[in-house]
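Across the two complexes that follow, chain A remains constant while its partner is chain B and subsequently chain C.
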Partner chain A sequence: MSLATRLEKLDRRYLFLVILLAVLLPLLNPLGLPIEPTPKVIGLHKAIEALPEGSVVYFATDWDPSAAPELVPMAQATLRHLFRRNMKVICGTTWPTAGPLAENVLREIGDECGKTYGEDYVNLGFKEGREVVMVSIATDIANAYPVDYHGKPTTSYPIMADVKDFQDVALLLNISGGYPGTKEWLQQVQRRFGMKMGTCTTAVSEPEYVPNFQSGQLVGLVGGLAGAAEYERLIDTPGTATRGMDAQSLGHLAIIALIIVSNVAFLLRKRSGKSGPP
Partner chain B sequence: MRREVPLLFTVVFGLLMIVDFFVPHPFIADWAQRFRDWAIIIIAASFFLGVANLVKINLHKVSRREKEWPFAAALLGSLFVTLFLGLAFGIADKGGIRGVFNSIFLYMYTPMQATMFSLLAFYIASAAFRSFRVRSFEATLLAVTAVFVMIGRVPVGNAMSDALNLPDGLTFASVQAWIMDFPNLAAKRAILIGAALGAIATGLKIVLGIERNYLGEGGAGK
Partner chain C sequence: MTLSADALWNIVAAILTLAIFSYLYKDNPIYKFAEYLFVGIGAGYWFCVEWHNVLVPNLFNKLIAGDLLLLIPLALGLLLFTRFMGKISWLSRWAMGLMVGTFSGLAVIGFLQSELIAQIQANLLSVNTGSMGTNVNNAILILGLIASLVYFFFSTEHKGAVGGAARVGIWFLMISFGASYGFTVMARISLLIGRLMFLIEDLPRSLGVGG
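The block that comes next holds the complex of A and B.
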C-alpha cells in the first residue's frame, strides 16, 4: 500500500488523538494569543453602555446543557456588564432545561457583583409555549409568568413594580442555543414591538443572524466561544472563554493541517493514476 | 363534523392571530391574549401526553425483552426516580443547600449532555479529513473558504497576520469578516426570504382550509 493510500485510510483514532492533544495542551499551558473584538460584539457592548442606569433588560436564556460550554461564558460576560452598569435584569426561558442553568449563572454573577434577588434581578423560570409565550411575555410579563422559578408570585418582587410589558423593557438580550430562540424572538417580538435586541448564540448559528445585524434588527451579535472571549476583553475580565481560545485556535489549526494532509495524499494518489476510492 | 369543526377552529383562530398582528384595537388584543393563554395550557398538557407515550413504548420494549431493552429499563428507572424526587422534595434549592433534584440535573444530566455534544468536535475532524477533498473547483473553493474562516475566527489568525505583516484589509480576520458579511449574508438573506415566502404560503393554505394534512387520515380527504 502506497504512503498516499495509507494516509487516506488513516485510522480515525489517530485523528482523534491529534485533536485531543491540540485542545488539551493549550489548556494546561496557555499561550496568551491576542483577542481583538469585532464590530458585531462591539455593537452589543456599545448598546449596553448607552442604556441609562437602572434600565430593565429582559435576559432570555434559551439553551440546554449541550450548548452550555459556548453560551454560559457569554451569559456570564454580558450579565457582568449589565450588573456593573446597574441594570435590572429579568430572566426567563422557553427551554425546559434552561431554568436551573440560568439560576446558577444569575446567582454566581449576582453574588459577585453584590446584587440582590428580587430587587436587581429575578429568574422567572421556564414556560412552555414557545412563540406563543414570547408574544405573551411582550404584552404582559406577569400574566405569562404568574410565579417565578422559586414558585413565588412574580408581582411580589420590587423589580417588577414598574414593569408590566416590553414597553417598560429597554433591551431584549437573547442567549440562544437553537429553537425556539433568536429567530423566533425577531419574528414575534422585535419587529412587532420595535424592541432593541441583541443576541448571543452558538458559533454554528451566528452566520444565520448576520443579515439581521446588518439590517439593524440586532444591535449586537456575539457568536460562539470566540465572541464570548471578545466580550470578556471588552469588559476587561478574562474568564472561561478567554482561556478556551488558545485551545480553539490550535484545534482549528489541527483540523486545517489534517485537511491539507488528506488533500496532499489525494493528489499524490491521483497523480499516480489511481483516481478511484482509496 | 369531524372535519368541519377543526377547520372552523383553524380559520377563526388563525385569522384572529393575523389580524392581532396588524390591528392594535383592545377588543382584538384582549381576545388574542385569551387564545394565547389557552394555547399555552394545551401545549403544557401535551407534556403529559409525551411522557405517557414514552412510558408506553419503553414498557412494551422491557416487557417483551426486545433488542436493547436494558436501555429502555434504564430510561424508565431514571424517569421515575427523577420525577419522584422532584415531586417529593421540590426542584429549587433550600436555605443555600442544593436540592437532590437540582444536584441530579447539574452534576449528572448537564455533564453528560455537554460531553455528548463535545464529541462532535472529534467527528467533525474525522469528517473534514475524509470529505474536504479538492475533487472539483467548487470543492476547492469550499475548502479554501473554510480554511480562511477557521483561521480568521480565532486569535491565532490575528497572531499569524501580525507575524506575516499583512495589511489591514488582508488579514485573516478581515478576509473572514468579508466572507461572512458579503457572500454569506447574501446567501442567507436569499434563503430567509425564500423560506419566509414559503411559510406565508403554507400558513395561508392552512388557515384558509386548503391544506388539511394536519387533520390526519380521516380529515384530510376532500
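The block that comes next holds the complex of A and C.
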C-alpha cells in the first residue's frame, strides 16, 4: 500500500488526537504569541471611550451556554470597560437561557469594579417575543420588563429613574449568539431609532455582520475568541481569551497542516491512477 | 475533605464533558446517556422558563386581574393544538397565519431599512478618494458585488461577457465561503478551548488543587 493510500485510509481518531494536542499543549505551556487589535474591535473600544461618563448602555445578552466559551470573555471585557468608564448598564435578553449567564458575568465584573446592583447596573432577565419585544424595549423599557431578573419592579431601581426608552440610551451593545440577535436588533431597532450600536458575536456569525460594520451601522464588531483577546489587549487586562489565543493559533496551524497533507495524498493517488479508498 | 456544591456540580460537568468527548473514539452508551440527559434537561428548563416568564406573568396573572381581552390570544394559542385533532386541524392555521403575518411584516420593513437600503448606500463608493489603498479596496468591492449579482441573474444565458462576469462572481463567492469556513473552524476550536480550560483550570480550582 502506497503512502498516499495509507494517509487517505488513516483512522480519523488520529486526527482528533493531533487537534487535541495542538490545543491542549499551549494551554499548559503558553507561548505568548502577539495579539494585534483590528479596526473592527478598535471601533467598539473608541465608541465606548467617546461616551460621556454616566451614559446609559443597553447590554443585550442574546446567547446560551453553547456560545459561552466565545461570548463570556467578550461580555467580561466590554463590561469591565463600561464599568471603568462609569457607564450605567441595563442588561436584558431575548434568549431563555441567557438570564443566569448574564447575571453571573454582571455580578463578577460588578463586584470587581465596585458597582452596586440597581444603581450602576440592572439585569432585566428574559423576555419572550423576539423581534416584537426588541421594538417594545426600545419604546418603553419598563413596560416591556415590569419586573427584573429577581422579580422586583423595574422602576424601583435608581438606575431606571431617568431611563424610559432608547432615547435615553447612548449605546446598544449586543452580545449575540445567533437568532434573535444582532441581525434583528439592526433590522428592528438600530436604524429605526437611530441607535449607536456595537456587537460582540461568535466567529461563525462574524462574516455576516462585516457588511453592517463597513456600512457604519455598527460602530464596532468583536468576533470570536480572537476578537475578545483583542479587546482584552485594548483595555490592558488579559483574561480568558488571551490565555486561549495560543491554543487557537496552534489549533489552526494543525488544521492547515492536515488540509495540506490530505490534499497532497489525494493528488499523489490521483497521479498514480488508482481509485480512492472505499 | 468536604466538597462545596460548586465543586460537586463541576465534577458532574466534567464527567458529562468527558462522556460527550468519548463519542470521538466511537459511539457508546455513556455518550448516549449524556446526550439524552442534555436534551431532556434542556426541554425541561425551556418549559419552566416559558411557564414562569411568559404564561404566568403575561397571561394567567393578567386574566385573573380581569384583563379579558387576553382570552383572544389564549384562544389562538389553544387553536395551535388542533393540529393533533384530525378533522379540525385546519383551525390551527388561523393562529399560524397571525404569527406569520406579524413576523413577516416586521421582518420586511426591518430588512428593507437595515439591509437593502443601508447596504446599497454603503456600496456607492468612490474609486477616486486620494488614497491608492482605499481606491483599490473600493474597486474590488464594487467588482465583487456586480460580478456576484451577475452570477445570480438567470434571465440571460451565462455566455460571453455575462458568462465571464458570472465566473468572476463564482470566484468571489468561493473566497467568501472559504472565509466563512475559516471562521467556523475558529469557533469550533474556541469551544474545545473552553471545555479544556474548564477541565484543566476551573475544575481543579474548585476542588482546591492548583490554579
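Of note:
What we mean here is this: the second predicted complex is superposed on the first by the 274 of 278 C-alpha atoms of A that agree within 3 Å, B and C clash if a C-alpha of one lies under 4 Å from a C-alpha of the other, contacts with A are read in each partner's own complex, and residues count from 1 in each chain.
Following the convention adopted for this analysis, contacts are C-beta pairs under 8 Å (C-beta built on N, C-alpha and C of every residue); 3 or more make two chains touch, one makes a residue touch a chain.
Source: prediction; values computed, not measured.
After overlaying the two complexes on the shared chain, residue contacts for A:Leu101 are found with chain B alone; chain C is out of touch.
Judged by the touch definition given at the top, the superposed model places A:Thr237 against neither chain B nor chain C. Residue contacts after overlaying the shared chain place A:Ser262 against chain B, while chain C stays out of touching range. Touch criterion not met for A:Asn86: it reaches neither chain B nor chain C.
By the touch criterion defined above, A:Glu36 lies against chain B but remains apart from chain C after alignment on the C-alpha atoms of chain A.
When both complexes are overlaid on chain A, the residue A:Asp140 reaches chain B alone and has no touch with chain C. Of the two partner chains placed by superposition, A:Thr155 touches none, neither chain B nor chain C. Look at A:Phe126: by the touch rule set out above, it reaches chain C but stays clear of chain B. Contacts of A:Gln190 after superposition: chain C is touched, whereas chain B is not reached. Residues 16, 19-20, 23, 66, 68-69, 97, 127-128, 130, 132, 135, 192, 203, 207, 211, 214, 224, 226, 248, 251-252, 255 of chain A are contacted both by chain B in one complex and by chain C in the other. By the touch rule above, chain A contacts chain C in their complex via residues 13, 16, 19-20, 23-24, 27-28, 66, 68-70, 96-97, 99, 125-128, 130-132, 135, 146-147, 184, 186-188, 190-192, 202-204, 206-207, 211-212, 214-217, 223-226, 240, 243-244, 247-248, 251-252, 255. Listed in rising order, the residues of chain A touching chain B in the complex are 10, 12, 15-16, 18-20, 23, 33-36, 38-39, 64-69, 97, 100-101, 104, 127-130, 132-133, 135-136, 139-140, 143-144, 149-151, 192, 203, 207-208, 210-211, 214, 224, 226, 229, 245-246, 248-256, 258-259, 261-263, 266-267. Interface residues of chain C, counted against chain A in their complex, comprise 24-25, 45-46, 49-50, 53-54, 57-58, 102-103, 106-107, 110-111, 113-115, 118-119, 121-122, 176, 179-180, 183-187, 189-197, 200. Chain B meets chain A in the complex at residues 21, 29, 33, 36-37, 39-40, 43-44, 47, 91-92, 102, 105-106, 109-114, 116-118, 121-122, 124-126, 128-130, 132-135, 143, 146-147, 150-151, 153-159, 162, 173, 177, 180-181, 184-185, 188-189, 192.
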